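Okay, got some structures for you below.
Each of the next two complexes has chain A plus one other chain: chain B in the first, chain C in the second.
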Partner chain A sequence: MPGLPVELVSVDTSYGNIKVLKSVSLSIAAGEFVALLGASGCGKTTLLRTLAGFVPLHAGRILVDGVDIGECPPERRNMAMMFQSYALWTHMNVARNIGYGLTLRRFDRKSVTRRVGEVMEMVGLSGFEDRRVYELSGGQRQRVALARALAIDPPILLLDEPLSNLDARIRHMMRGEIRSLQRKIGTTTILVTHDQEEAMSMADRVVILDQGEIIQSGPPEDVYHRPNSSLVADFVGADNRLPVNAAFANGHVSLSAPGLETSVSLPVADDQGREGVNAPDPVDGPMIAQFHSEAAMLNSRESLPKSGLAARGVVRQNSYLGKTYRHNIAIGELEFLIDHRRRLAVGSAVELRVPAAALNLFAADHSNAAAIPGC
Partner chain B sequence: MPAKSNMTGIALMMPALIALCVLFIYPLGYSMLWAFRDEERDAWTLANFVKALEFYSTDVLFTVLIVSVSTLLIGVCSIVIAGYLTLGENRAAVNLLRWLYRWPLFIPFVVAGQLMRTFLAKNGMMNNILVSGGIIEPLQAVSFLDWRGIVITFVWKQTPFVTLLLAGAMAVLDRSTFEAARNLGAGRVRVLIQIVVPQVSTTLMVGLILSYVLMMSVLSVPLMINAQSPTMMTVDMAWRINSYGDYEVANALGFISVAMTAVVAWFYLRQGIRQDGRPE
Partner chain C sequence: MTARLKSAALLRGIVLGLFAFAIFGPIANMLLWTVAEVWYYPHKLPIEWGFSFWERVFRPQGNARVSLINSVIIALLTVAASLLVAVPAGFALGRGRLPWRSLFLLLFLLPQAFPSLAVHMNIARIFYGFGLNGTYTGVVLVHTIQGLVFSVWISTAAFAAVDYELEEAARNLGASPFHVFRTITFPLALPGILASAIFVFLISLDEFTGTYFVGVPDITTLPLLLFTASMEGNYQIASITALVLLVPSVAFMLAVEKFLKADVLARIGA
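Moving on to the complex of A and B:
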């Protein structure tokens, strides 16, 4: 069955007196893969459970292909959900787990067997039909849960942190497999995760939630490179913070800070595609510049970009991450985490440059200021 | 060192073992053995069994039927109540039921029997309510103080016990397993029958077996509700002892009771062995 469009209109839900979702509105196109990303308690799982019908709607509407399903019980919503714990039934074997949804839909035994065989082959579980669930590894259970959800050929697939219980190797492999399966069958898919890498690598669109509200929604590249708030920047890993003084004029921003060599003037990115500093709310005065660890460049031997922030610092510590080394660089009282492909000796002086396109500028509000040492 | 440790272990176990032997195994064995004894002729015999079955075979059948029907109904009622406590969505109704269902647990069998006498008699409370509610005419009122009364009393008294075990077992199940079934299209009744009950089947079986054995041994309820023939074997045993001092036939009836409970105990033990062999 092809995917169906989903629309949430001003959705409110509460647990007792605690409002969990606050007027959430979101449109998801048919066949789109959307990842709901946010910290624990932000409301992402509640949003998914509200869609599935396990959390009652207090206000708003949920439209599937234009039909309001907000009052429908879970069993009538025709959505398949894959649970974080997999929620497999230990009293049934693998084939019965996968075929349960088909039996409920009154498929005859032959059709159930055929369809179960198809989806088991699809997820690479052929030959496991008669195994008991408790005889399977974590990765195999995860595949059974996915196969069970896919067996009914759902127009909408809900994934609640499906990979969080798997080890890193299988998790990376399953990301690709789920994504390619979703593309193949065209099901509208909504993934809940707190892992930004998982969200970015799997979804067409990433929706970031905080305290029951959507704070940014867009393609992974946009969210990663052009976060619209300090919170989103933090969440996508741009957690190096430098307090600066900014002055905006003629599409450029002039930045100065105690640790910087000189005041620099950098282009500001705009909607027409001009590359430069991401400054969603430009204001003259104190601001916070945030950037990713891998976006900054170290050491004068390398060809550093001409335009960007430049500062001199000292290596305080380094650690090996596999593909790269992460260095703690002290610049004045501030410390930054910067990746570099070679290990730099502790105590050595380094030059740091951050390209304009890697910088995100946000207003230095109270919460930002409090997080910055010495600010 | 291991030998000393073994001796300590045996010493610690001894009080319990002695208590078990003196208070349970010896009296049971003695009573079982005496079922095969003819004191007058000072000989071993099967005559007590022949006599017991000749006089009370209808009561044996009656007992099996009463206890089996009661066990079945207790199972159904406890599944329904525990199921609603687990899957019910009306919090007020769930809380009210949770508060109410345990009451019979604290009422002794003899009080339950007396209570049911006043409730189920021809002019009892149940018929009065039905008549005053216009559901039946006064002439249609019948007494339930027969086999039905015993079954109702047993079910009323034992359902909370099995429900307590079952609701506890259901409460610790992963709720996402219920939600997964609902998500795929199963209604709540189907979720209860196909997903929840199979996962707590061992607890259900234990509760029902314990209830079965307990009902087999209850004297007060059949005595107060239905002492006429046919009645339950406990009444017959009490009658043989109190009226005739006939311990041999009473012991033979007791032996038959134990044999009947042994059948269900075998199921219980078999289940335990199977579970131990299953990896978690």
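Moving on to the complex of A and C:
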């Protein structure tokens, strides 16, 4: 079954007196893969459970293909959910777990067996039909849970932290597998995760939630390179923070900071596709510049970016990450984490450059308020 | 050094021996009585051995056979009656968000809190008014009141142990609440419920005071026979009856355990 579009219209939910979702509106196209990203407690799982019908709607509407299902009980919503705990039934074997939804839909025994065989092959579990759930490894259980959800050929698939219980190697492999399965089937898919890498590598669109509100929504590249708030920048890993003084004029911003040799004037990115500094809320005065560790350059002999920040610092520490070395660079009182492909000796003086397009500028007070990550 | 080790070993042997005697002594004594024809005081072992008392217990005019059948029928009916209450009660107490949950659980404990003699005397009086004295229904009811505390408490725990997400997963795939109960919740709670059934069966099989006040003289069970025989000083008959009482207990436990095995194993694996 091809996917169906889902639309949330100012959805409110609460547990007792605590508001968990505050007027969340989100429209998801048919066949789209959307990742809900956020720290624990931000309401992303509640949003998924509200969609599935396990959390009552306080206000707002949930439309599936234009039909309001806000009042439907979970069993009539036709959304297949994969639970973080997998929620497999230990009193049934693998085939009966996967065939449960089909039996409910009054498929005859032969069709159930055929369909179960199909999905088991799809997730690479053929031959495990008669196994008991407790005889399987974590990765195999995860596949059974996925197969059980896919067996009913759902128009909408809900994935609640589906990979969090797996070890790193299998997790990375399953990302790709789930992604390509979703492409093949065309099911509208909503993934809940706290792992930004997982969200960005799997989804067409990343939706970032904080304290029950959507704070940014867009393609992974947008969210990563053009976060609209300090909070989002933190969440996608733009950990380096440099306090600066900003003055905006004619599509440019001039920045000065204690660590900088001279003040520089950099172009500001705009909606027309001009490259430059990402400054969603430009204000003159103190701001915080945030950037990713891999976006900055050390002692670059390559042709320098047309414009960017430059500063001199000292290597305090370095650590090997596998494909790169991460250096702690001290510039005055501040410390930055910068990646470089070679190891630089501790104590050596280095030149740090950050291209304009890698810089994200946010109002200083906002950044300070968000200094503690999470919800 | 070796002397100390030796005395330690000796001490341990003595303690173990005393334990074994405390546990197996009475049972061994009982087993001896079942095959003793003549046995009196200064003798450590029976003077004459034989099975003539077995014949006396099981002869048609003796009421051992009727009592055995009575005991088993009453125990089975008690199990059925207890589960009839315990399954819905356990589900409501273990799953639902019932207010006064612990109060309800204590309520089932109440009959056990008072001396059973007092409780049963009064039950007998009440039952007399309803014409329940001397009927199977009366005896089964009395046994059920005692069995309920175990069956309700154990099944409450069994239902509470079923993870909510397991039920949600079934509803998510399209199962109605009743279907979820039938195919997920109940099967997952079943091992606990069966364990409670064993308890209730054993309690009923062993029950004395309730049957004494409500059943006698129309309904006799093996414990009553046992009591009469012991009071008459007829140790052979008492011991044989006790041994016979073991048969249905062990049979029921084996049957349930065989049924239980796969499911319990499933739980351990999960």
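In this section, the second predicted complex is superposed on the first by the 360 of 375 C-alpha atoms of A that agree within 3 Å, B and C clash if a C-alpha of one lies under 4 Å from a C-alpha of the other, contacts with A are read in each partner's own complex, and residues count from 1 in each chain.
As a convention for this text, a residue touches a chain if its C-beta (ideal position, glycine included) is under 8 Å from a C-beta of that chain, and two chains touch if they have at least 3 such contacts.
The model shown is predicted, which means the values in this text are computed figures rather than measured ones.
Superposition model on chain A: chain B and chain C are shown in a clashing arrangement.
In the superposition on chain A, A:152 contacts both chain B and chain C.
When the shared chain is aligned, chain B and chain C each come close enough to touch A:85.
Once the two complexes are overlaid on the shared chain, A:135 sits against chain B and chain C alike.
Look at A:75: by the touch rule set out above, it reaches both chain B and chain C.
In the superposition on chain A, A:51 makes contact with neither chain B nor chain C. After overlaying the two complexes on the shared chain, residue contacts for A:100 are found with chain B and with chain C alike.
Taken together, the two complexes place residues 52-54, 73-81, 83, 85, 87-91, 100-101, 104-105, 134-135, 148, 152 of chain A in contact with chain B and also with chain C. Here chain B touches chain A in the complex through residues 174, 176-177, 179-187, 190, 195, 198-199, 201, 278-280, going by the rule given at the top. On the side of chain A, the complex with chain B involves touching residues 52-54, 73-81, 83-85, 87-91, 100-101, 104-105, 134-135, 148, 152. Residues 163, 165-166, 168-176, 179, 183-184, 187-188, 190, 263, 266-270 of chain C are the ones touching chain A in the complex.
Across the complex, chain C is touched by residues 52-54, 73-81, 83, 85, 87-91, 100-101, 104-105, 132-135, 148, 152 of chain A.
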